[in-house]
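First the structure, which I've put down as structure tokens, then a few questions once you've had a look.
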Amino acid sequence: MFSITVRDHIMIAHSFQGEVFGPAQRLHGATFVVDATFRRPELDADNIVVDIGLASQELKAVLADLNYRNLDDEEELAGINTSTEALAQIIADRLADRVHAGALGEGARGLTGIAVTLHESHIAWASYERTL
Amino acid sequence: MFSITVRDHIMIAHSFQGEVFGPAQRLHGATFVVDATFRRPELDADNIVVDIGLASQELKAVLADLNYRNLDDEEELAGINTSTEALAQIIADRLADRVHAGALGEGARGLTGIAVTLHESHIAWASYERTL
Amino acid sequence: MFSITVRDHIMIAHSFQGEVFGPAQRLHGATFVVDATFRRPELDADNIVVDIGLASQELKAVLADLNYRNLDDEEELAGINTSTEALAQIIADRLADRVHAGALGEGARGLTGIAVTLHESHIAWASYERTL
Amino acid sequence: MFSITVRDHIMIAHSFQGEVFGPAQRLHGATFVVDATFRRPELDADNIVVDIGLASQELKAVLADLNYRNLDDEEELAGINTSTEALAQIIADRLADRVHAGALGEGARGLTGIAVTLHESHIAWASYERTL
Amino acid sequence: MFSITVRDHIMIAHSFQGEVFGPAQRLHGATFVVDATFRRPELDADNIVVDIGLASQELKAVLADLNYRNLDDEEELAGINTSTEALAQIIADRLADRVHAGALGEGARGLTGIAVTLHESHIAWASYERTL
Amino acid sequence: MFSITVRDHIMIAHSFQGEVFGPAQRLHGATFVVDATFRRPELDADNIVVDIGLASQELKAVLADLNYRNLDDEEELAGINTSTEALAQIIADRLADRVHAGALGEGARGLTGIAVTLHESHIAWASYERTL
């Protein structure tokens, strides 16, 4: 199995609902360093997993909809606890949509999986992985 | 599949038995930067994998029994080569015990796997992963 | 010249005033990984720069006043652009106050300088350094 | 499942064939920080995955055949796009050959998998994993 | 004293002249992760060292003239050993020229120093710092 | 001013004398990731700070005298608290001796400073810098 990973980041504000979150129930924020991994069992005709330029570009595009925002005010995220793990899923699903729409190129049709890891600090991160 | 990971560390002394260990048969030591990963297929009612505060606290508690010690003198580890990979298993198993005992909260009952990685330097690390 | 550095972090929300900040004028947030460095020309009687336990504890205490908050709502920061570099100064100055108040121990009277670096992402950080 | 990973690096020149590579069709180069992971379900009689000294030595030997070279001029790589993911496979396969030849010791007969990750920068890396 | 640092990278081929370079006399390559630091004693009217957006953009522009190239073929570098430390100076000097030309904004007139660090691997890096 | 830095590591056991050290008074250990920095105002005739191969080799030689040892049993360190900052000085001074003895080559006569940083974990490190 092969994979490539590209890294980018977002800087957002948000708050959480639920006693389990303690002081993080207050409005606060995070830098999420985002690693998007693309997987496939065999390389394509160019000997790559996916065009890394397109992968970086589409990750940036997905992140642009979240970046420099207060997630509490985003309609699409209304009523959702935007935990690090939940955001990993949202980003992975949006990347999957773009793969299916052809935005990562024809070669990307051979991708079989996506994983997204969000680093919220030097001591905590979360991941979500799914098939394509 | 979702996961969260929390990081902490220990500073221990130990020695190894066996020619394969070369100079590491002498009493020496290590800082192990410890990454504990908790996995589950679906998020809980709070939209998280596990209470990250409890996860960090329980990891710290497990590590406290090893930290600032000469592992050669620990009764529970007598006669064991406390290699990086063996310590990863010991820590993972102790974390699993705490999950089963409810120390990570009721939500943690949905966890299905644990992985522990110990970084012994910038150029070497070891992991152990198991189901719950 | 000797130094020791300890690392911790905060997760905050804030916004900026001024066209130079572009989209960061919107309410957003950041994880700041904070490195606090303490300097002195000679080690103390224990052969250390400062009690690293106290240094970590006092850094955590200084950060607690900022952590999990919307800095736009903090009275002490009213009207200030809480840029990464400005926050580095605020944290360094508060640490300096604690050194002068004896919170880092009597040995810390020998400290001659403090530097604080805030990492806002994997590709950007800011520092402030001052004498004591 | 257990694993250990050792890290080393190479510094090479190469170019790519194919429009998808854009400016990387020109002769350029890369530092690849190489992580080689060895996996097995149970530890050996010494309580380890593999002799980490031998693992590091054999990784270095495999990398020596690529290091400080223009890969475009290497006969064995003629006509191949030496993408990060393709190089990960080449290195993993060569390590597998060495395991099978006994170069990592008799204990290494119990290894069941190898994974190789090449970091081409702080924001991009690729992996290949295979069974043994 | 304040500073901000922004990180980017280049991937280049080159070779060295001189026995001291050993196997690096052959054509090979490197990824240089480049950290550009801008210093000043006081913050500007916006409470910043320099517009971080412009700093990143100008660093990228300076690096674009080197990126994805064989430095042995660059006229401006003819006859120069493009060691990591020498490249750090070249990049710092070109950034300084841009500061003086106003490309980093009027606020950047208050900058007093630049430092550039090039990481050639996880175990080696070089820096050059100068006044403005 | 130019500098180059090379990284290596040691794994040692030791204990501390003095109440300030708390649980670290017990025999424990550490991995120290060691960064050795060499400084000079102008590059040498080869356009480098120092032969990076020799610098790495001499750092490794200095570290070999400490590596895989219980520092409490080393005669040369008897009665010394081998704190991270104290070890940084010991290593820097031994490197300085080697520079003066010509072990880093004739070009190294132009070096004007050395700095050594020891990382004891992902959240703490210490440095010592001196002139040559």
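Assorted remarks:
A, B, C, D, E and F label the chains in the order they appear, each numbered from 1.
Here is the rule we use: contacts are C-beta pairs under 8 Å (C-beta built on N, C-alpha and C of every residue); 3 or more make two chains touch, one makes a residue touch a chain.
This is a predicted model, so every value here is computed, not measured.
Rounded to the nearest 5, the angle that brings the Cα atoms of subunit B onto subunit E is 180°. In a homomeric contact, the two copies may use the same or different surfaces; for subunit A and subunit D, under half of the interface residue numbers are shared, pointing to different surfaces. Separating the CA-averaged centres of subunit D and subunit F is a span of 31 Å. Between subunit A and subunit F the centroid-to-centroid distance comes to 41 Å (mean Cα coordinates, whole Å). Taking each chain's centre as the mean of its C-alpha atoms, subunit A lies 30 Å from subunit C. Touching of two or more other chains is recorded for residues 7, 122-123 of subunit C. Every residue of subunit D that touches subunit A in the complex is listed here, in rising order: 18, 20-22, 80-86, 88-89, 122-130. Touching subunit A in their complex are the following residues of subunit B: 1-8, 43, 46-49, 51-53, 56, 105, 107. The part of subunit A that touches subunit C in the complex is made up of residues 7, 9, 11-14, 23-24, 26-33, 67-70, 120-123.
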